[in-house]
Amino acid sequence: MQQEPEIAAAVAVGSRRKGRRKPEFLPGESRRIGYLYVAPAFIIYAAFNLFQLGQGVNISFYEWDGLTPGTWVGLANYREFFTEPAIRETYIHVLELMVFYALAPIAIGLSLAVMLSRIRIRGLTFFRMLLFLPMVITDIVTAVAWTWIYATGGGVAGHPEGPLATVLKALGLGRLVPADGWLGNFHTALPAVGVFGMWGGFGFSLILFLAGIMKIPSSLYEAARVDGANVWHELRAVTLPGLRYELQVVLVLSVIGTLGTFDEIYVLTQGGPGTETSVPAWQIWSRLFNTGQVGSAAALGLIMMVIVFAVTYALNRLMERGASD
Amino acid sequence: MGRVVYENVTKMFGEVTALRDFSLQIEDGEFMVLVGPSGSGKTTALRLIAGLELLTAGQIRVGDRIVNRLAPRDRDIAMVFQDYALYPQMTVYQNLAFGLKMRKMSKDEIDRRVRHAAEMLDIGELLERKPRALSGGQRQRVALGRALVREPQAFLMDEPLSNLDAKLRVQTRSEIKHLQKQIGTTTVYVTHDQVEAMTMGDRIAIMNEGLLEQVGDPRSVYEHPANTFVAGFIGSPAMSFARMNVEQGDGRLTLSHSELRLEVTGDPAPLPFEVIVGVRPEHAWIWREGQGLRGPLEGRVQFVEMLGKESMIGVDVSDDVTFVVHTGADSPISLGDRVAFGVEPGRLYLFDPATNRALGVV
Amino acid sequence: MRQRVRFTRRVSVLAVIAIVAFTAMSCTPGTTVTHKSAPPVPTITGVTETEPFTLTIWDQESGQVGRIWDQLNTEFEQKYPNVTVKRVNRDFGELKTLLKLAISGPHPPDIVEANQGWPDMGQLVKAGLLLPLDNYAEAYGWDQRVSENVLAVSRWTPDGTQFGTGSLFGYTTMGEIVGVYYNKTILEELGLSLPTTFAEFEQALATAKQAGEIPIEFANSDGFCGIHEFGTIQDQTAPVTYLTDLIFGLNDLSFDTPENIQAATIIQDWVNKGYFMPGFGGAGYDDSVNLFAKGEGLFMITGNWIVQNLGADSTGFGFFLMPPMQAGGIAVATGGAGFPLSIAAGSEHPDAAAAYIDWMTSDHAAEMLVPTGQIPLATGVTTSVPSGTVLSDVINAAATASDNNAIVPYEDWATPTFYSTLVAAIQELMAFRITPQEFVSQIEEDYSKFQSSRV
Amino acid sequence: MNTAASRTQIAFNYFLLVLVSIVAIYPLVGILLASFYPPGPASAPTGFELPPTFEWHNYVTAWTQGHFSAYCTTSLIVAVVMVPASVVLSILGGYAFATMRFRGANVIFYLFILGLIIPTEATIVPLYEDMKALGLLDTYWVLIILEVSGEVSFGIYWMRAAFMSAPRSLLEAARIDGASSWRTLWRIMVPFAKPAILTLSVLTFADSWNEFFLALVFTVNRYTAPMGLTSFASKYQLQIALTSAGAVIVALPIVIVFIIFQRDFIRGMLTGAVKG
């Protein structure tokens, strides 16, 4: 539920690590001491995470309300994943969110980084700090501001109207302003959530891309220019290959982050209006606590975990294959 | 007794054999250089002594102990790493003292040893600095010092000069050699640079693809290479090789390669029909009658390398054979010229093409 | 390829671990349910223990009501100096979320304020987590103080399979009623009188709209308010017995009825005509209450609980029940009992908890709570409410509905998932994402699924 | 390229950067401004205009009435115990995975990595039951233990990468110098990995301070700062100025920690993320 971007990056990178050689012991090296170092962390992790995952697997085979004894239903909870439109819908929403969490930040971050990289920026540290701020402040706080930004007041005098609506109206684009506010309108709620999430994360990709671009030797650009490359060629031949690793991190991380989206939904829309912003993690939470479908929630949680794993794995394979071409 | 002995040591990494049935005895106080191209197993051999790798078969002794399974700390050796491996957050003093502290040596003794080593290496002023604030050469000395203070049975050095610039390298190598003679500690020194090997080693062990090709003092290795690999590896510029047919009889030996013919008097042991002939550039001269050179051989000049007081010229004697020939710096030879050259007597190395082993010198 | 082999091996190792872990834990989740029977009728009422102890209560009262609770607690502690009352105050959503977890432990709260109906109280009863209160009710005479209608919504068969009959699991003397508030000034300005039929009400809406006023102050981003708008219309289109039976799960009823479709059609019609506050989909309930209190909007359809926001003795606002379809018909309203208090089965001080409930439902408590807009249900409570105030309107309307037996319980009690289903479906209905027919089908699906699972 | 052209380019670049930065902090400034509005259920300011008067007193009111001292104390106590514990465990584990060989190391490491994608939704109910059985509900310990167990996966991954980026010779030199693995860790590797450790600590601190769901589910009297904020906000629903003041109070410690460490933090972040 709290998919940290950096954690997602870890998953991304962790899974792509090549397996190490078969353990071979060095002279005089203790064969057991490694366990001692790992033990404290592992014990607490196994006892308060892994063990419950096992229990979760067990629960997922029951229809259980969390209170009375469950009924064994075998794979029925898993079957729901394929049969219930409500669940399918959540994954469609997540796909839509990808535009905001993965594609847009990469496109915007990349183009900004390309533009900014052409000069030495004074005070970059300061700007970096500003760009990183949205990431470190909890959604609980920032959501407050975003509800204001998205408010439109239905156009009634005296109702709070957010700056977004004010600006659009001033530009003569008032017809774009949904009366129900961006978060209350069925068509705009999901994109609005997406923009909020994007705002919280785009600084990270921009900074990563900027750092990456600065590492590309300028001789490569010079060589490209000597060869008569235009901006577009330069991007394709020099910048993108040079940023391959940064791209991979941002892409994998944002895709995993999107799949696990929860906080934004919890603080902004609670899945509404209707079920328009319901995402898998929210659906699970809601089954768990609002409607008492604990077994079903466990099964959906495990399915989500498998999907996240599969997507991460596939993306990494894809990126690596792309790199070796 | 600082003797280091390998007995039939084999080291495999997974399915790759890094060192194959390697036996070598390094005497007490000896400066032994392990030399070879990358992947030859020389570094592995060194790390096996240090205990940084576990051998697959065989035995290693340091002093009179078998150290196969001893931890590095118990082997009584010290090592100088290629990248020096200085502890970045410690001062030079702390770097030198660390190993002694770990051995629970008294503070006074540590201080004595550190100051002594610092004096020997002339790094007394640097003791309070951190590695970051040192030049490459200074770091290198600190790395040596860290080995020195330990007063071990053997020093192990893994290409310690490779990160220095050319000039400093030459200077340092004689300093190390000098230091080693002064202290008299057995030293195993790994390098890929044959010049370093020739100038520093009491003996040189030439390695290739996990095998020991030849051991000996620099002169004998140079003069009597055991095989084409050693012959080609030792000496600079490298030896030129050519496959030649052999006609032997009546006390004369004729070596030929297409149009090329070379007649040699003297009758070595019976040779196969074909041999590899090796000629060191320093033994090949532009032909002049009456100098007792063997030849002449003729060919077209393919390249000219000015070295200052002399030049090396590459001469194509046939489509696939080029000899490098020595000439004075002022010689008027230029590219494309046809030249004739000859070889000093007793400097034609013959090798068996089947085994690459040396057959003799004529 | 080697990579893949290694990967497969890793996966298989994980699988083995997972299987081992799984078999180790493969037991049915949930503890065996033991349904406690009602404690014996206490011979002495009140707190009998003398040792100091703490009574913990989980409630969802905030604002003015919350402050009065604090005061009542202090008085209770003064009355029984060995008792400390600890309030854990969580909002409606949190309480819904967390009560089930909290109450199933070895040290549950003693008293909980759980919502009636299948989603909350029903689940707790079924799991044997609440104590039947019948004997306490007898000892304290609770059943004599309020009408059976009020008690019925807290009644369950002890195994939790039947709603509306059986043992008593919660008790309150405070009532709720959902109706129409109106702004007297605007009503006057528009030259309107109080509507007496549904048609007149719609006429009033049209007039207000024409005059540029907001006919109905309404905000639905929180969701629950939409249930009340719909319910209030549905109360007029569908028969009372149908609605009550639907909620109690009697007589195999369906949600897919012409009356319900009619109610859904009316609400869509109102949206179409712009009778609701513009931007209601994105506005919050509390904001809308605040705006209404400040004079925006002719009507607001909601419950008695906003009286405290309007000011109990305010004469600027009035309240009436949604008028019936036919002239002279009976106005039916949603409401009835407020949040009841229940005793956790695991409570170590059930007698004291009962004494506490009696205290919180006493006439004294009622007198303090009524000015906040809570409706006294107990017979014989004398409250001096000045007439002409919004509070008196509310209390009178509730009394009328009660006398007419025209109070329908909250619809979201009908199934464990009904609240979520209704909120989403009404939001979709009011945004024209679904037709009235789709709306009732969607809800019927939830309803029938649950009803068939009960059999 | 002539000077004039590059000057416009530079100007354009700064313009762009300033624009992006404004987008980044605009909502935050909104909250800050709103926190100074006069309190009371006023018509909600949208927070993006200067308040008529600066009501510093809002902070005092929020702090005392909102019990933020209690919430912040909880967050602080939990963080003070949890951050060092989690970082030390991560250092130990990361060190073992980076430098030691032992049977099953890979499997154990991947089990840790699994922790990064275990959805809390699948485990929270069993977790609740287990914590209940241990009698840890509503204690600092429940937050500390669960946060640690949630953070070590990432921490171990992170520290392993950091230690693996150390030259191998450094470890070997220490081995030859006779340092035990324990000494090597604390005397050689930890000083070497200081920037990575700092970044991990800041991240962990932020996670701990911002913890919301664990506090929501597992505590009643031990609300963390963000949980306290939601509780405060729901009690003072129309008090936008006060709620904003509360929000600023909750966000401030993180912002301060971040500003103090930001240079090293971002550096560690970049190397961590890119080196992997």
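Structure notes:
Order as written gives the chain letters A, B, C and D; numbering starts at 1 within each chain.
The criterion applied here is as follows: a residue touches a chain if its C-beta (ideal position, glycine included) is under 8 Å from a C-beta of that chain, and two chains touch if they have at least 3 such contacts.
The shown structure was predicted, so the numbers you read here are calculated from the model rather than taken from an experiment.
Annotation of subunit A and subunit D: jointly contacted by B, C, touch as defined at the top. When the partners of subunit B are compared with those of subunit D, the chains appearing in both lists are A. Relative to subunit C, the chain whose mean Cα position lies farthest away is B. More C-beta pairs touch across the A-D interface than across any other pair of chains. Note: centroid distance subunit A to subunit C, computed from Cα atoms, is 37 Å. Centroids built from CA atoms put subunit C at 90 Å from subunit B.
For this pair, subunit C with subunit D, the centres built from the Cα atoms lie 39 Å apart. Averaging Cα coordinates per chain places subunit A and subunit B 56 Å apart. Within subunit C, residues 10, 97-98, 101, 104, 287, 294 each touch two or more of the remaining chains.
Multi-chain contact residues of subunit A (touching two or more other chains): 19, 24-26, 29, 50-51, 53, 55, 59, 66, 151, 158, 160, 294.
Residues of subunit B found to touch two or more other chains are 51-52, 71-73. Taken pair by pair, the chains that touch are A-B, A-C, A-D, B-D, C-D. Per the touch definition, subunit C reaches subunit A in the complex via residues 3, 6-7, 10, 18, 21-22, 24-33, 96-98, 100-101, 104, 119, 123-124, 126-129, 214, 220-221, 223, 277-283, 287, 291, 294, 296, 416-417, 419-420, 423-425, 427-428, 431, 433. Every residue of subunit D that touches subunit B in the complex is listed here, in rising order: 167, 169-170, 172-180, 183, 187-188, 191-192, 194. For subunit D in complex with subunit A, the touching residues are 6, 9-10, 12-14, 16-17, 20-21, 23-25, 27-28, 30-31, 34, 43-48, 89-90, 92-93, 95-97, 100-103, 105-106, 108, 111-127, 130, 145-146, 148-150, 152-158, 161, 181, 203, 206-207, 210, 212-213, 226, 229-230, 233, 243-244, 247, 250-251, 254-255, 258-259, 262-263, 266, 269-270, 272-274, 276. Of all the residues in subunit C, the ones that touch subunit D in their complex are 10, 13-14, 17, 62-63, 66, 88, 90-91, 94, 97-98, 101-102, 104-106, 286-287, 290, 294.
Taken in their complex, subunit B has these residues touching subunit A: 13-14, 51-54, 67-74.
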